[in-house]
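What follows is a set of structures for review.
Look for chain A in each of the two complexes below; its partner is chain B in the first and chain C in the second.
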Partner chain A sequence: MANLHIVRSSGFTHNKLRQCLQTLMAADQIILIDDGVYNASHPDMMPLLNTHKVYALQDHIQARGLTPVPSGIELCQYDDFVALTIGSDKVITWQ
Partner chain B sequence: MISNNRIAIVNTATTFDDFKAKEALDLALIFASYEMPVALFFMADGVFQTKANQNPEGIGNKDFIATFKALGFYDIDDIYICQEDMVERMIEGELSVDGAEILPRTQFKQTLNNYDLVLTF
Partner chain C sequence: MTTFAIIVSTAPTDNRTLTALKFAQALLTQGHQIEGVFFYQHGVINANVYLQTPSDEINHLTAWEAFYDVTKTPMHLCISAAERRGLTDSNTPGFSHNIAKNFTISGLGELVVLTNKAEKVIQL
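Up next is the complex of A and B:
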């Protein structure tokens, strides 16, 4: 009943983050990877942190010098990413 | 003729968006090697390139951002970053480039307008 949304691009330049948020259901989860990790501090992301679980791949955050991340964003490893994928009904990639 | 022109290289892409950031830097270094006057501008998502403590090797990329520290050796001293775009993206503190001028957008675009040749990446 819950989907995993994978966001792969910066919401400051591309509109994929907005499109993701427009289709987001109450129980859905989000993971930020690649340039999607820049959305950790995007204004559209802030209100979401109270209502949804939002993850970001730690390696991709560190590669871009984005630590520390805003509280509410949970850093995860590749194996956590795999587990999230398996645990979700559907995986929707925004790229 | 082109050798008298002042060249501006404008970075609008993130560090790992294709190879735009790497190619922009390579071109700047090539121009500088031929003693052509070149300046670097960072705006929009390009300002993310100026964040300190990036670790490209952590995701299997070459650390070309470290080359920013060598820009002075190439006599690339004119480096400008758009202040509004930094604030919007909450970029503060240490930078990956030395001696950069952080300019409000009005000054940023006026400065860019002084260049003869503008290349965006």
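Up next is the complex of A and C:
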């Protein structure tokens, strides 16, 4: 089973994104929420978009005017977020 | 149905607190169960009865209280974290009990119990 990483802070101002990426395993998934949605355009994220499933909460993307998001990032709702936590082995929050 | 425990560690001044509430509501709407919400670190400030916000902003205290009124989800407050931040359940002279009534005075031991009971623990 895979883990879900919830990234809640921007990689442009905090180092949590980097720490998250250091622990990321091959089958893990990432969801960007809150200021974590700024990572949608962070250089460190770009290589991951080909290898990992990356989601972003649509409400938070829109609230920050970040549309359109790079292809490879899937926008989701709270319901999908809940489903992701249930489908994962462990849920790790980076905030 | 999956059982959850939720840890809230963000202050009412932080918009991330609303994310936790919305996530909790989405869980229950989908028919899952929350064993308890554990307010820890700056999250305890959400339980201060003196919290006031401008009328066009969300008051996190009343929002969580309304959530409790509808769902009866246990809301645990880490008392050690709370006392460090000026909350008290004491009524002795010089103190005024300022923890909202829907919060249960708790400690990290309760978080251990919740972690044990719930299938998923989510920190938000």
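In the analysis below, the second predicted complex is superposed on the first by the 95 of 95 C-alpha atoms of A that agree within 3 Å, B and C clash if a C-alpha of one lies under 4 Å from a C-alpha of the other, contacts with A are read in each partner's own complex, and residues count from 1 in each chain.
Simple rule for what comes next: a residue touches a chain if its C-beta (ideal position, glycine included) is under 8 Å from a C-beta of that chain, and two chains touch if they have at least 3 such contacts.
This is a predicted model, so every value here is computed, not measured.
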| item | value |
| --- | --- |
| Combined model on chain A: chain C and chain B, fit or clash | fit |
| Partner chain(s) touched by A:86 [first = chain B, second = chain C, both, neither] | second |
| Which superposed partner A:62 touches (first chain B, second chain C, both, neither) | first |
| Partner chain in contact with A:78 - chain B first, chain C second, else both or neither | second |
| Chain B versus chain C as contact partner of A:8, first or second or both or neither | second |
| Touching partner for A:41 - first (chain B), second (chain C), both, neither | first |
| Contacts of A:33 with chain B and chain C, given as first, second, both or neither | second |
| Angle at the Cα centre of chain A, taken between the Cα centres of chain B and chain C once the superposition is applied, in steps of 10 degrees | 80 |
| Minimum Cα separation, chain C to chain B, after superposition on A (Å) | 5 |
| Chain B and chain C contact sites that coincide on chain A, given as residue numbers | 34, 60 |
| Chain A residues within the chain B interface of the complex | 10, 12-13, 34-35, 38, 41, 59-60, 62-67 |
| Chain B to chain A touching residues, read off their complex | 12-17, 44-45, 48, 51-56, 58-59, 61, 88-90, 96 |
| Complex contact set, residues of chain A against chain C | 6, 8, 33-34, 57, 60, 78-79, 81-82, 85-86, 91, 93, 95 |
| Touching residues (chain side chain C, partner chain A) in the complex | 2, 4, 9-10, 15-16, 19, 22-23, 25-27, 29-30, 32, 120-124 |
